[in-house]
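Please go over the structures that come below.
Two complexes, one shared chain (chain A), two partners (chain B, chain C).
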Partner chain A sequence: MRLFWEITRRSFRRFMTYRAAALAGLVTNVFFGLLRVSVLLALYDGRPEVAGYTVPGIITYTALTQAVIAYLSLFGWFDLMQSVYTGEIAADLLKPMRLFTFWLAQDTGRAAVNILLRGVTIMIIYGLLFDLTYPQTAVQTLAVILTIILSWLLSFTWRFLINLPAFWTPNARGIVRLGYVLAWFFSGFLMPLRFLPDWVQRVAYLTPFPHMLNSVVDVYVGVLSGTELLRVLLIQAAWVLALALMGQLVLKTAVRRLVILGG
Partner chain B sequence: MIQVHNLHKHFKVTRHHQGRLAGVRNLLTREYRLVKAVDNVSFTIQTGELVGYLGPNGAGKSTTIKMLTGLLVPTGGDLVVNGRIPHQSRQQYVANIGVVFGQRTTLWWDLPVIESLELLQHVYRVPADRFRQNLSEFTDLLDLKPFLHTPVRSLSLGQRMRADLCAALLHDPALLFLDEPTIGLDVVAKERIRQFIQHVNRERGTTIILTTHDLQDVEKLCERVMIIDHGRLLFDGQLNDLRERFDGRRELLVDMAEAYEDVSVEGAQVVARDGWQVTYQFSRSSVTASELISRISQRYRIRDLAVREPDIEATIRRIYEERLLET
Partner chain C sequence: MRHTLTLYRRLLGVQIRSQLQYRVAFFMDLLATGLTVCLEFASLALVLQRFQHIRGWTMGEVAFLYGMVEIAFGIMDLVFSGFDPGRFGQEVRRGTFDQILLRPVNITVQVLTLDFALRRLAKITVGIGIFIVGLQGTMITWTPAKLLYLPFVLGSMVCFFGGLFVVGATITFWTVESIEVMNILTYGGSFTISYPMSIYPDWLRRFFTYIVPAIFLNYYPALYILDKPDPFNFPPIAPFLAPLVGLITLALSLAFWRFGITHYQSTGT
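The block that comes next holds the complex of A and B.
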């Protein structure tokens, strides 16, 4: 536990030093968010509500999804793959620590920096520009915090898992990319899943992706409540566990393969 | 400390088809070639030894080290280090060894040196007072102070090596693997690192295995050397024995005063001719230098001459090139 904290702390500080990059990312996120808002509003064409989303609701959806891009690393994270290709993984394997925990601790620092520098800032900017909806009750606020943490854990376990093919093939970038494209679409990043045909939604909910993003929005804007809310949180947690276990298993095979075949 | 018995490591390397439709055939069928990176190697290393592990590129040095550190599983043979089998129970095993790769750092690239070292304290669960003690000792010996707060990526190669050496020893490992620790360093930096290695071995009793291409490292540090080539252990013994067995050949450089068709002389071989300069090679046991000189001067007119003593480098080069140790 102490080690976890020490790694997280250093990772936090490390990402804090990339302030210029964070600022550039922030500007991009805000700008593209505005673009998405205008496209979605054109879709509303004066109607007050589409598929359960009010106009403030859809603006909130956009603000929120833009705010968590960096936090969830939605556009890709290839660090683990890189460390396999550069051979840095060998140095990590020579230390008495678990690889999964090591990477999770690093990502905790990274996520914390991004939710603070980019997440919160983007919400504030959109809050000043538009009329957003906010969590209404203490229970809902708590649920929002929980779902945001779970969504990051889910994104991490997914990212970890899809980086592992690097142990098998000398160019896993394509596979990893495919993993992120799937995540964009089925997570409801391109548009809220409720806007899509029923069967697409049903397919989406067979995957973990909606729980990375769409559920967060649902909880935040208050579409879900009571047992439904609890159910979503539990499903999120279940997916986190499932993907984490899968990651561990594949990693174990990967390391065995590495040590048998050589790096 | 280390017992290695009939150790093997074979790799399967894909052989690509050549000629027509090679690409298609590569997709459909694969042929493998077996590479014996380590082939039936056995040795024992006692606690407190400092052993030099030599061999040309691709000889099997790194593969052996990777098996000893648990990064590779042997294809065959037995391997017990420190009472454990390295590739089993990785975490427990690596807790008691230190590894330094000259080619790459084990420190965290973006962090200041001190941050990396403190993180290692937690990785290895080093008690705080022991950590402070070691850190201050190594800081003095390796002169780390000027760059303790510099990120690893901004260090010079020599500084990085010193930081890496410190990092590998903070948890008092019983066994230290050094893979080309002086590669690419200048003479002063090399010397400093050699002194440090010697200190760690003598004062702390740490068992050290050193692979290197720099034979001065070996001459200054190791009493015992092992030489590997083509995956096979060719020599394992005292450096002095190696010298005596293969050092016989000395060279005599002679500048002739005029051109001779035939410059041969009894007891020595002509190994090179460059204009009027002739290089003879002779062995200590068959003829002395003064005897040879007098023989040559009786037959030819000499302008100048010099005797060249072989160094360990030339000896080892000969062993590699002429495969003197192969049976």
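The block that comes next holds the complex of A and C.
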């Protein structure tokens, strides 16, 4: 456990040194959010509420999606794949720690920096520009915190899993990218899932993706309450466990295939 | 000139062959790129089913706007891959751009052939599909003038966004890293003009009219082709300004590129 926190701390400090880049990326996130708010408000066309999302609710949705892009690494994370290709993985596998735990520790630092520098800042900026909705009760606030942490764990287990094809093919970038594209659509990142036809929503909820983002929004803007909150949190946790186990299983066969070229 | 063209073709050939080496990887990349464009548009199309229209624009009309941008940006992204600021910044950082300067071959041709991201073919193809959806969903009364003007509109957007890539690449001579503001203009700009400009707040629309005149690239030509009224009361020539905007942007950015090359100081790596 001490080793875990040590790696996390170092990763945190490493990502903190890229403050300027984080702030620059933040500008783009805010700008794209403004474009998406314009699109959604034009669609609302004066309606006060659509499918459970009020006007402040839908702006909060947009703000949240932009705020978690960096935190969840939604646009892609290829680090594990790269480590296979550079051969660094050989040293990583020798470390007195599971490969999964090692990367999780690093990702904890990375995620913490991004939620602080980019996530919180983006929510504050949108809070100043627009009328947003906020968690109302202590229970809801607690649920928001838990769901945000679980969504990151879910994104991590998914990213870990889809990077593993790198063990089989000399260029897995396309496969990994496919994994991210599916996540964008089915997580409700492109459009809130509640706005899509029922059959699409049903398909989406067969996958873990809605629990990376859509559930976070639903908990945050208060569409869900009471026992529904608990149910969503449990499903999120179940998916995290399932994907983590799958990652371990695939990794087991993957490592047996690993060939490192000397350099 | 002829020598330069031959060289351009040869270097492109090398790029294409090398990308086709790993068939499976290439195919997966195509699939991922195509699916990205497809699902991005699908999410909009599915939501439009519920809402019927966006500021009076039907699903077919939006598909027309959207498809045009995807096709043009895809072609641009293919042809100007070497100038992609994020990618070009690496050449400056690693000092490999210095090698390019040493070779007795046209510098621009060398940079153009640094990369030729074939996976963009998927973006262009899906873009054409979206455009066809647009044609089927709208009742355009085609005239010879409209038909003739269409390729010019696409070409203008290619020139415009290509110009922005060149500017972004040139800036890395000084900054080394590609600067984020360029992303707002390229990716933000193409997102903006994929939708009817009447949905944006005034300040944003004015920015894309008077400072970066992207409104004339797609929105105004679309008003003309779809016979829609202009809500902003511009002079009737507005739909035909696209080629001017495209060419001027590209010309200015190439001038900036040449200025950048003469002032280039290597990073020393």
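Methods note: the second predicted complex is superposed on the first by the 258 of 263 C-alpha atoms of A that agree within 3 Å, B and C clash if a C-alpha of one lies under 4 Å from a C-alpha of the other, contacts with A are read in each partner's own complex, and residues count from 1 in each chain.
FYI, a residue touches a chain if its C-beta (ideal position, glycine included) is under 8 Å from a C-beta of that chain, and two chains touch if they have at least 3 such contacts.
Since the structure is predicted, the reported quantities are computational estimates derived from the model, not experimental observations.
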For the overlaid complexes, name the partner, chain B or chain C, with more touching residues on chain A. C
Looking at the overlay, what does A:Ala90 touch: chain B (first), chain C (second), both, or neither? first
When the two structures are overlaid on chain A, which partner does A:Arg10 contact: first (chain B), second (chain C), both, or neither? first
Can A:Val203 be said to touch chain B (first), chain C (second), both, or neither? neither
Looking at the overlay, does A:Leu34 come into contact with chain B only (first), chain C only (second), both, or neither? second
Please indicate which partner A:Ala238 is in contact with in the superposed arrangement: first for chain B, second for chain C, both, or neither. neither
Between chain B (first) and chain C (second), which does A:Ile145 come into contact with in this model arrangement: first, second, both, or neither? neither
Show which residues of chain A both chain B and chain C reach, each in its own complex. none
Flag every residue of chain B that touches chain A in the complex, lowest number first. 11, 63, 66, 69-73, 87, 90-92, 94-95, 97, 99, 101, 104-106, 108, 110-111, 115, 118-120, 122-124
Footprint of chain A on chain C - complex, ascending: 22, 24-33, 35-36, 39-40, 42-44, 46-51, 54-55, 119, 177, 179-181, 183-184, 188, 191-192, 195, 199-201, 204
Of all residues in chain A, those that touch chain C in their complex: 21, 24-25, 27-28, 31-32, 34-35, 38-39, 41-45, 50-51, 169-175, 177-178, 181-182, 184-185, 190-191, 195-197, 200
Residue ranges of chain A touching chain B (in the complex, touch as defined): 2-3, 6-7, 10, 14, 17, 87-88, 90-91, 93-98, 256, 258-263
